[in-house]
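The two complexes that follow have chain A in common; it is paired with chain B in the first and with chain C in the second.
And now, the complex of A and B:
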């Protein structure tokens, strides 16, 4: 459960800034089209966040695949393999 | 093991069986058949959009019919039944029970699907998989539209029966020595997605009856000329079908939870966080349906509520991704075909999720609404995540169903081509949407950007199509002439398995 809470906290930390940016719009009819510049600005900010997080997670995934593949010279049996428990 | 092609059983022995592995096999064969039918329609759609103007489809009505049946088929007749195939086959084994709780009801739930599929395909309706009112309630030509409505009604009942069966099987029939906290995450995924089905489906079931009575002229629920409100249909529809996205994705993630630890040669990093994330996803799946409807004139407050509700899915989804990464960390990864499909599925799941987070911002949603961005986004989920997870599990279960090994080289080529094709089609469609290309169009303005991006998407679709043809060949050839599988350890990994042939129950 503790691990779950850590994961949840980290994920919320990523989401909250996005949420704050996204809630900047108002409700009057017609304003959205006139405020195209602000909308694109918001989009670019959100995409900056998305690409940053995306690069970190995707980079980690690619590194994991490279580093822990069984054909990597540094690969060694996991401790679970010896016991046959997984 | 239920199907050994060297010693075949009579077909009726499988068709009229109520045993869970036989029902699972029937679900599997039927879902893959519909996958190829729905996929063929997708290729037709992409061939038509390769250039502006009419190419291979004669008129826009036929085009509308094709994408309506394409969407309906791949969601209701491929993805859902495929998940049921896996659940039927493996859940009773995982919870150590002889069968599903209600075997006859299980057979009934399966046998409702072929007639529903026949209604959808023989009708070939044209009002999109969403059955857009007021067009669907006033002008969509019958009997196609009525056949679609009846088909979906039958599929809804089948889903509810299946869900009841999974819930009772997991909660009431699991072995007394197996606490819920130890139930494998694949079984947990079926428990949570079945609970979503029970809560979500009635809303659309009501909407279908209302739509039918509107079409019969008895009522005017969704007809503005008769005091009705098409927006009400949107609420009823999305209350069911936004959670339905999770009904599809949760079992696919459950399948990855079986594969990633197995081929990492480690236990799952955190079983409890996986359960927590499944339960959280189930709950928040009901808090975001109206994000499909920002453009319908809701108040700012309503939109904000649904935007926050949508973002609430991100932490739970991220927990799954982090759980997968942490499981792989420190492992010794064997990149066989199921593992490649799973890792590819995780990468695309994350990409699709990131697009969803961006799109949940309502000002941005106004730009992307009904554009190709939306098509790219949800296809990245259904193809890149759900179908990838499902195909991964298909390869994983293949030796246990057929007793033979698939061709590994062909499986890997299948993955690489599908991954490249998926990125080409659906990433490009995101950009196409930002350039303003509307979805559901038969023709488009011959802007150079539109033409080039549509061509990239169409070439990607053809690559996926070729890879799926290779898959079909691999399945048929390997099931009949493939190398005999080592049933104790088909991939030479070691460890403990949940394999059907090892189940001690005399029913297996």
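And now, the complex of A and C:
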């Protein structure tokens, strides 16, 4: 299932941009592309992804440190630690 | 490693999402670069020659302009950029054109101005004493 999900997300994220390849040097209105527009759009998309990834990664780390600190009331040794067997 | 009694599917999803995002970032950047770099076939070629400390623009019919360039709004132009003495860089800030002008080499950039007016062309590679003043004016006419 996990591998299926990986392939699914990969497929969606690779296929979507590929579909845009048909556009070429002219846009839908038949006008020429403007570098400024294209480059700023790319910048905004990249920034959205960068901030999203940054938030998820730092959020995961913060949660991890908070949840698995020794003083957390929910903290308990794993069964391996309990038995002293590694 | 799979530890019995543990599931590692969150890790797989995490890895999958990261790979997918990287693939998307790469594909999107490549696609935009391809669109931006691809000059239309009907674009008029203008040779751009940089030298200390002025710009010369030469059209296919041999006519030349020095220090100024007149173009028509809505028409595509392809610049073939080179330099005569030292390296320069051809920049039209308002149209996000920035391309190195290198001795013995021709670099290309294209644009289709969408707004009439006067715009500054400026050298963006330090090229000597009067680099700061190596400017030209772009006139976009209706």
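Observations, loosely collected:
What we mean here is this: the second predicted complex is superposed on the first by the 48 of 86 C-alpha atoms of A that agree within 3 Å, B and C clash if a C-alpha of one lies under 4 Å from a C-alpha of the other, contacts with A are read in each partner's own complex, and residues count from 1 in each chain.
The definition used in the following text is that a residue touches a chain if its C-beta (ideal position, glycine included) is under 8 Å from a C-beta of that chain, and two chains touch if they have at least 3 such contacts.
Note that the structure is a prediction, hence the values are computed from the model and not measured.
Of the two partner chains placed by the overlay, only chain B lies in contact with A:68; chain C stays clear of it.
Chain A has more of its residues touched by B than by the other of chain B and chain C.
Put simply, chain A uses residues 1, 3, 7, 10, 12, 14, 18, 21, 23-26, 32, 35, 38-39, 42, 46, 53 to touch chain B in one complex and chain C in the other. Those residues of chain B that touch chain A in the shared complex are 261-262, 264-267, 269-270, 272-273, 276-277, 299-300, 304, 307-308, 311, 314-316, 318-319, 321-323, 325, 328-335, 343, 346-347, 350-351, 354-355, 357-358, 360-364, 366-367, 494-496. By the touch criterion stated above, chain A contacts chain C in their complex at residues 1-3, 5-7, 9-10, 12-14, 16-18, 20-21, 23-26, 31-36, 38-39, 41-42, 45-46, 49, 53.
Within the complex formed with chain A, the residues of chain C that make contact are 8-9, 12-13, 15-21, 23-25, 27-29, 31-32, 34-36, 38-40, 74, 76, 95-97, 111-112, 114. Listed in rising order, the residues of chain A touching chain B in the complex are 1, 3-4, 7-8, 10-12, 14-15, 18-19, 21-27, 32, 35, 38-39, 42-43, 46-47, 50, 53-54, 57-58, 60-61, 64-65, 68-70, 75-78, 80-81, 84-86.
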